[in-house]
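The structures come next, written out as structure tokens.
Two complexes are shown next, each including chain A; its partner changes from chain B in the first to chain C in the second.
== the complex of A and B ==
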């Protein structure tokens, strides 16, 4: 290190035309007079916010009941241009907001190459979690981008009960066999790689649309919960006193509240919609996370680096934003990754018992649809069931690995 | 009150106000109890201290743990709102600052901490942590911050590339250098260093102190050094203020105070500095026990419960050493939880004949044992004092502790517990608050008869 020092000194001294600014030379009065400016990230966030608001306004005011997006896109592997028709729903808008917010939350990490590398090296040691991460990324991209390019499966009586590819079923079970019939058995085709339901809907397409539903439920409701929990938890810890008391007693009350029955009630009144489900779970499911955040933030508040920031003149809000929240983020991220599978499973369960949005091809719905045919067409329930199982498992692996990776106090 | 106009008329000899001028600083923490936060008293952590730091001067605030040094510094910087008193910084009243002015003050008066390990956010690189004060104070240019941080890191003896390292990758000494860089980066006038080297190895400690001394010369930095390490004070500081239980008992130039301490507490502290030569003959310091509870400080001179030089009452003719033992006996008896005869027997058991069963101990033998247990002589030379002591020991042996305490407290009194010593000048730029100290004549007159019946003012 001493050698480096000499070297850098030499190179600095070699440029007498541009002496480095020293801290004594800073004209603080000029900086005080200059006022504050938004950082680039801040500007980008403001721009994104405005863009989002404009698009939302367009959807509400101009597009109205028509599809929000109706465009032809040239796809190289198809002769005719694919039409992208997308009528953004309320859930889609929430989802977009979630992704935007998530993106900006990751900016500090993305910018800090060394920290990113450090976390990644620690994360990589958990092989199941790495596999889970790729699986979830695939699910996420298929569910968000992929669904734009495929049509929602519809009733097709000519293609009911088709078996998956490489599987076969007695030819009497499908009304008509799309694939080849060999020795009285109907074989699957590439047209329906995962088979079809009793209504002739392709299970692959259903599964992909199910990914969208699951990701939307898991991500939106969890981000809502995290946002509220972080706000409440850090406020309680940082303000202390009666604010802390009031907020935490409210959490106690909310924790006793039966979310499930509230949803039943609303589903009965207004019909089960995904929007209601997401909002209900998001707005009532943050109590536990808020408690974790609060207890962690209470410890962080006493740390000397918080004291140092205070002695530097940083405001309470900026200390919470810059020091407290990042340092409780490992708890938040872990709680979040374990909250998502719970929500995905809850949505599947509600759909299974018929309380979900009947128009949406969620996994739970497909599993329910196939349960009467298990003896003859095992794949209808099994395929979405496997996706559900793998997704839950992946999130759990991810949560465990993140908890280990994000804790900087455990030195390697 | 109004603003920082120069009090030129008030202090003509020194037209330039001191960098930091603390007057009568008080910080009390209320003690509350129960559901309605009933006020049940207050912890007098800092109880009216005066302190000045001139430009470029290093002032030490010393004392044992728990005597309120750190609290005093935090209150002076308004990190904790002071309960009372004024703090002037560069002639301006810090206690009257609004938000904006306080924030600008934070730039000019910086703080470093004892523990370098927890004073850096583990999720920020050293560079980001050092740059934080810059961005807090509105320097939005990322590259400029980076340049300043690199330059500052090099000036505290680190490498510019250390800006990209994380706190856990640095040693304690390197972290303390980085902490110094974080404090200096806003070009402060005052640096408050709270035990900056106590957590470091001896060799690293010397390096950091040397660096601190160099930067102080270079930048004309006023330093308020809070420490319990008198060696550091002797090495680094110009002036020293000795603090005991929320009050400053003695202050003055380091050399003068250390060579001829005016206050018994200073003497005791100096006596407890380890000397690396086992052959050096040293008198016992007599500093026993812990600092008393600041929620219930002793009356009069707060040091009287532990003072090795506590003043004997006029009416008895006792040697200093005997009186001290007598006084300690009194304090211990009144401090003891209610005790019956069995407790007294247990207390004196080491001095009793082990062959005699506890219930068979004769009163005479027990009385003698109690005296031995409390390190009291068999007979006092002063007859009046002896008769009081004899009655008190007798009461104690009879299990009448309350009566014994009452008797001892009414007979063996000292001016130290009844009156707070006023602060007196003991030499050029020196002050001490002790009944033993005469005006402007330090230590010349420690005899007792000369003790004036000083009023509290």
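== the complex of A and C ==
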């Protein structure tokens, strides 16, 4: 992601038939035309933005309180067509926006084959990170697409405390054993591969819905943080003087407040619905990233290509947008990846102590629900915890490998 | 700028940070919907009274009347003089409730911090001297495990294995025992798991930082010179590598360790049923005792402010390369 050099941009994008007077001459017409011409990616981004706005307007104005999407879909493993009823919440809308923004941010990298290959070769050296990446992709797809095709687990008194498949438990513990009973022990069935809770909810389904909650919290809040941190960090670095001082002093204060207790205090005061949690995490957790962006941007603004851009008359805003931000994006991506596991863990911890969204099947909440049954039904607390642990571990491996691949300067 | 002026400036800045944080919490408290007020109004309306009159009486009782700035000054003054409010659910002053809970928290955080620091530095140094060996990889894995494992879940799993199935340690924490005989073997037995869980999350950072810092010195020319002169490996380790490593480490330890320990201990107490600060805070949250929630949140905040101050001062005193000019 090296900086675009405006001078070479001009000579490449300019018309070759018109001879240049001198080397230093900049063909401003060509640059202007280059800047205004809408690329295919730009066109796709605008189309996606318009589509998003229309859908949002439809949900707000037309659908109102009714479900946003209500359609019958043929699913091969069911006799009757499954009806997809999906009332998109505010969090869902934010999630869609996050995914769109993330997707378009990746386009420049996806197009550049050489760069993509280079990063992939460096990333591939870390085997745990590659495994982690596949695991996270699976979790992400199950949580976003998979949840559309399965029903949210509900209270089922006929199927309480079923053990996981290949495990067995004394037959007196479940109210009724769904699987086979051999020698007075209730065995697990494929109907509930990971067992059920004391309310008869299948743990596999709970875990899959938990994936969606964790992914939403981690990705939305982190992208909010990235947006704020990039804005604050580059402004501080580029403006300097008292603006820099004021912004960074504020970050100092925010960083001093222990993050977990800030989350705890805010969730207590303003309620812990998923939307509120995401906003709290996103709006208060950007201090560390902003510091990294600022220190990186301070170095970038001394580079020759920035000086060249300034000398050719580029405005401060366009220098920041076209030269500084792309060149600090490596550090942003690394810091953001390491921010996600912290947020996933914080959400789980808050729902574990009962401050999260009680209507959503979050992993932390399921772990808490199983605490009272440790002696009789060990699987309720352990299974969702394994998913949580694996997700956090995978993000940490990923972040570490990304730092190595994208950001060789930041050795820790 | 001399050390004295630097110190004075840092202390003043810590005061400003504390003031700003207190102001922010005041504003947050003021803006938040008051669950108790809603309850009072609902009760009044349900029994045929006037909801407005009930709200006024409630405000008078809680000292919520008067202009905003007056309440703000009261709030600051009360906090500064140690009057942290009255806990309705416990019928005792907030400061007293916190002081009763504090020893239980210290009982397992102090051993966990000491153990994880000593072990973390030792393992980190060993990793640096034996980089890219199997032991180094194992240590790196332990560090990743410590950072990633959700400590509340880890505590539950350990309880399941060692208390429920093996019966080596008690399932329930005996607060009476901890209070009357804190240094007995029985108390140590019930504190082993909390210390271990807290230690695993705290050791990871220490280990990684020590390794990274020590690696800078392992290949330094002064170490090569020492080795060429025939200095023993042991002396190189303790005199030439450990000493410069400890300087940045001492500062990282205060700031980073505090954050980890403060938040981890909260959940550890909930899992193991230790009646310390975390449990106190959680009870307060569950019963909507806002004065106690504020008190138990401000304790870690003040600890963090003072920790950051000590960190900066330690850095300036220990490392002669630090320039006082900046900040």
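By definition in this document, the second predicted complex is superposed on the first by the 350 of 412 C-alpha atoms of A that agree within 3 Å, B and C clash if a C-alpha of one lies under 4 Å from a C-alpha of the other, contacts with A are read in each partner's own complex, and residues count from 1 in each chain.
Here is the rule we go by: a contact is a pair of C-beta atoms (placed from the backbone, for glycine too) under 8 Å apart; a residue touches a chain by one contact, two chains touch by 3 or more.
Because the structure is predicted, anything quoted here is derived from the model rather than measured.
By the document's definition of touching, neither partner reaches A:359: not chain B, not chain C.
Judged by the touch definition given at the top, the superposed model places A:299 against neither chain B nor chain C. Of the two partner chains placed around the shared chain by superposition, chain B is the only one that A:311 touches, whereas chain C remains out of contact.
In the superposed model, A:127 lies in contact with neither chain B nor chain C.
In the overlay built on the shared chain, the residue A:112 is in contact with chain B alone; chain C does not reach it.
In the superposition on chain A, A:326 makes contact with chain B only, while chain C stays out of contact range. In the superposition on chain A, the residues of chain A touched by chain B in one structure and by chain C in the other are 411. Of all residues in chain A, only 252-253, 256-261, 264-266, 268-270, 341, 345, 348-349, 352-355, 367, 371, 374-375, 378, 381-382, 385, 388-389, 392-393, 396-397, 411-412 touch chain C in the complex they form.
Of all the residues in chain C, the ones that touch chain A in their complex are 17, 20-21, 25, 28-29, 32-33, 144-145, 147-150, 152-153, 156-157, 159-160, 164, 208-209, 212, 258-259, 262-263, 266-267, 270-271, 281-282, 285-286, 293-294, 297, 300-301, 304-305, 308. Remark: chain A residues 1, 4-5, 8-9, 20-24, 26, 28, 31-32, 34-37, 39, 112, 114-115, 118, 303-305, 307-314, 318, 322-323, 326-327, 408-409, 411 touch chain B in the complex.
The part of chain B that touches chain A in the complex is made up of residues 77, 79, 102-104, 106-107, 110-111, 113, 115, 118-123, 125, 129, 132-133, 136-140, 142, 144, 147-148, 150-152, 154-155, 159-161, 164, 166, 168, 179, 182, 184-187, 219.
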